[in-house]
């Protein structure tokens, strides 16, 4: 089929460039695409952000409402992260309930926020054991030109940073800013044998869905790792990507902080 | 904590947001905003913010969905969970299923689908923020996205609603007018050679006399012509700025 | 395929008659089929009716139970209208959750009842903000020989007219008749270019699912309009159908009123 | 507010509705009541009101469901939401899935399905009002609808239940006997040349001795023969009145 | 197809043996395969058992929690029986919600327990009309070599026999054994015309899914019957199987009782 | 009634269950435990009890799922409703969907799938009882089941997790360490010729420094080698006892 042929040509091109240590769009191997953050674009949401990572675009909206805490954390707010890979965003996305890719996307973004303890959940307790704030982090991809995951992570934390707790709407006092105390950043690399490409675009992904995502917090601690795709990872490359990811995350964290 | 009805929806001959009865909300249209889609459009209409994408004509799977004589048109109206006051559960509800159906049918009537047998033209519209009239905003965006995708149509579809509030017909109602008004009536028109040719979508609920219905139709037509100009402008701007000459060929009217 | 060929022959026949201003079953263009209403046929339901519109048959049953009001109408009963296009009723209906056709059918019938304010919902409040009567209007099509929508509308209001509020069953006092104060009537026409056929039967529908439904109340106000199907409607025809629909609705309203 | 159990289910040797132990509820059968279906039947059995429709033999989609050696039989038992005291949520629940399965299998055993390879015979039964025994009423209606559709069968299926209440076996239990009795046992029999040939459906729950089971079978057979006569009458009436001569050909027994 | 051919050969073999009154594995017509019962294998469950019936293997686990009673039995505990025919257990099982076979399996097992009144449900009332013990009987088939139904019945009652009511976990006093007072046993036979085979294995089932299941309690009362499969059953055979089933059930009941 | 966190997870240099930091829980492996499956394995790892089955290579339905160049690998991690403290609703939840995905991908990297175009290799793992680390137990069982099914692989997959509790890295965490520890990090390694070759699965959540991550990797490798020996033993025992000579041919390392 012509589509397959085209994909093959793309793949060969990406790989031949890579053999020379180059990328098809001229970026360095460890270089992110341009990041644009548009905070607060959904005024009906408690917080929101549109993020463009190159041509990849993701909107994250935050909604909050009071609800029951988890029984094993009676004095903590609850984060629920959900991703919809709507068919508008890519010719390969299908309508319907979340598939394994959107589930994984949502869970890895969630892990970054949760494990970095970016949100002070204890400040979101209304009545211990009975009533706490539920935070819905809804990831809405609108254009998938590769690396939706990092774009979603950036959009999620950016949206949280401008979120107002809607206390007054529920008769619970005055609105106040969501207590955010860290900026977790995920860095995803495409693995091609012993080589890697940070922040792969869609054309680069034609060599396979072989990625490693490393999320860090502002202390450079690793807070989440996810190997995704049917490939084998060498220890050497893993070690190298720890460094690369921490380095990139620092830069992105600065961009996020400045935009909020 | 539902908001309560304002005492009056019309004060001193003006609407709550200061508009005249026959005045549209501010509209913003951007063409070709998505890379992956074959055609796309971002549109704001008051507080509505919607993105439309068109994929196709493309192959249909599974095969038994194919129509050997023409393209099938699919239309998916979807609201982001954060687009409304109270979070909406993801996935289609009965309201979006109905809106998707009538919007799809409006486009079926104007797309030249006989040119693409066995294929599908997919129109996806995401409501990022909803106020009253999100279905009309979506149709307007989808219409531009179809032109951007180069899908041949008999003309442009342009959509707008009319409401009756405090006994008065008003163009392009915003949320309060929609929630507390006496009637709501969305339209979509086929516009060709800058003339309204026929009705591609009409719905109504509330209470109106026959005469009011006819007046509402006239008011909607006036509003549609204004929107049509903005749709045309956005398309031309896109093709003028980037490719200069191509404007002649776009020919949204034929 | 033979089925398609048959459909084509039917279509040509309908259209050729129509060119002479005639219909295949001898009806006038603006004439309904015979309407038969059998009220109260389901004694286990709070209200019910079987309606035959020509060969089209629909049963509507009403069930009521106490439940929570909508937050924005704390002192009003709730109407929930649901349609099942069960595969018994037509060779083209499939088992499964409601598709776009049954959703549209239920919503347009619902709109007629709701917007005509046929039911005095404020009389269905049990305890403001906490407990009101929920009315389930269940539309059960059993034979689809065309224009299920109008048959369903007639069956729905007929069933509501004989509905008893089952207060005693829930320990809420004596049963009493549901407060119905209007008779909304929908009139559906099939559109064929610049012509129309009121109350199309299934053979007539072979020219396409191109309909316009106009619902009115007893004051001749229009309470709901629905254009359904991928066709273009001229203003002239729309104007004419407003008149035609009001006229027909008056006759049908009388039939409904007499049968209750 | 569930109703409570009557103190006794049998009073002075009579059942609560005045019936004798071996007496059926009133039965009403009408043939060919639906236009679109290939065969149909409306049946009342006490307060049960059911409609059955048969479509087919017809093509099967998707194709991988086809059986190259015979027709597949599908059976859908469905309760209308308003058919029972407390509104039933639309769609199949576990009970209807089981009833549909055993009823389908009863018909699989009697329809001459080898005559129609690669096709489907669809039997749809809607319960408009349910009392005890709706599955038996549905099978009886479906059986007549199959004859009306001209589907060749080895004979007629006739179904009836027996219950044990207050220690007594009773034929064709109504709701109170079903709810508060000690056992319920539905049967369907293949009847051919006016003789019961074999058992096509049997289920039972409750507590019965082996001897009671055998007595129940005899009681059920007696009831089935009566129902069979009514099924036959309804079919003959339909074909006599409308077409006179065709009765000879119906031949429900061969 | 080769698979069909193989099935046909198996079927012919089973039938030809049967003509001589024999079975392919040497068993007598009314003989069960070997039964092994491993109680209490899931320590996290309130009760459990692994049952091997020949090569057929089923695990049943019991979980209990407080919940609402049925309105028509306000002082009784609730039994919920569920079967998952997971694709691990057979090449023909598909992932997804329960199909008609697993629904029937669960319901027939449930009927045996319920109708034999094996569990004294009135002893499971916590607060009349408000709070009772819910018993979840979860049937997890792991190897289907025929007659999953009887294996599941044996596993279910075996698991119930070692179930502890987890009262202390819910602050409701001390744990106590589930009050079990009967041992219902189902006996399933494969029907081949006028012949039968008790406890059919998978190869024997190649002649068709034609079974009759008869469940009895310790007084030899019949508590459930289920004819399953598109075949005709003669009265004579039915009578014979009543005897055969009662006889077999007695033996199995003893095995179950000894293992608990 | 959730259990509360123990005050300390490490007491006097020992873990709550008495293990040393680099000590595995007891492991038990049985091969070929199911008749219907092509390969199977029962495995206990602490309180985890899991069964794995492999079906295939076998035909893929529906056909459009086939890959003309290689076998597709499917992996289903499923928890029995009774496997955890609070009954789990049957069917996949988001957690099992993710575990199934990453486990599938680990096997995709080691199965020689190019040998079986257009077919499927199905790996099903049922968790009968779950403690911490059920995903690693399942991968270990699946790996053995694949060998039992004779599916050619580049080597054996062996999986184990490392946790950080009270600041200390520990091997193969049990439930309390998983619930209340600072980080959890599951691995799966490709082992070939008794040597760890590469990483087939890696996940992590919690907080760890770069240095701790590297130490965790070393600890996991040590644990994996021990598990690998047990996997090998179980396979050899199965083939030695039953068929003597076949052991040579199993060759799990090539």
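Labels A, B, C, D, E and F are assigned to the chains in the order they are written; within every chain, residues are numbered from 1.
By our rule, a contact is a pair of C-beta atoms (placed from the backbone, for glycine too) under 8 Å apart; a residue touches a chain by one contact, two chains touch by 3 or more.
Treat the numbers as computed from the prediction; the structure is a model and nothing was measured.
Comparing the CA-atom centres of all chains against that of subunit A, the greatest distance is found for D.
Most remote from subunit C, judged by the distance between CA-atom centroids, is F. If you average the Cα atoms of subunit A and of subunit E, the two centres end up 48 Å apart. Taking the mean of the C-alpha atoms as each chain's centre, subunit A and subunit D sit 58 Å apart.
Subunit D and subunit F have Cα centroids lying 52 Å from one another. Of all residues in subunit D, those that touch two or more other chains are 1.
Shared contact sites, meaning residues of subunit E that touch two or more other chains, are absent. For subunit E in complex with subunit F, the residues that touch the partner chain are 41-45, 48, 55, 57, 59, 61-63, 65, 82, 84, 86-91, 95, 97, 136, 138, 140, 142-145, 169-171, 202.
Looking at the complex, you find that subunit A touches subunit F at residues 71-72, 98, 100, 103-104, 106-107, 111, 114-116, 212, 217, 220-235, 238-239, 242-243, 246. Residues of subunit B touching subunit A in their complex: 1, 33-37, 47, 49, 51-53, 55, 58, 76, 78, 80-87, 90-92, 122, 124-126, 128-130. Across the complex, subunit F meets subunit A through its residues 1-2, 73, 94-95, 97-98, 100-102, 104-110, 183, 185, 190, 197-210, 213-214, 217.
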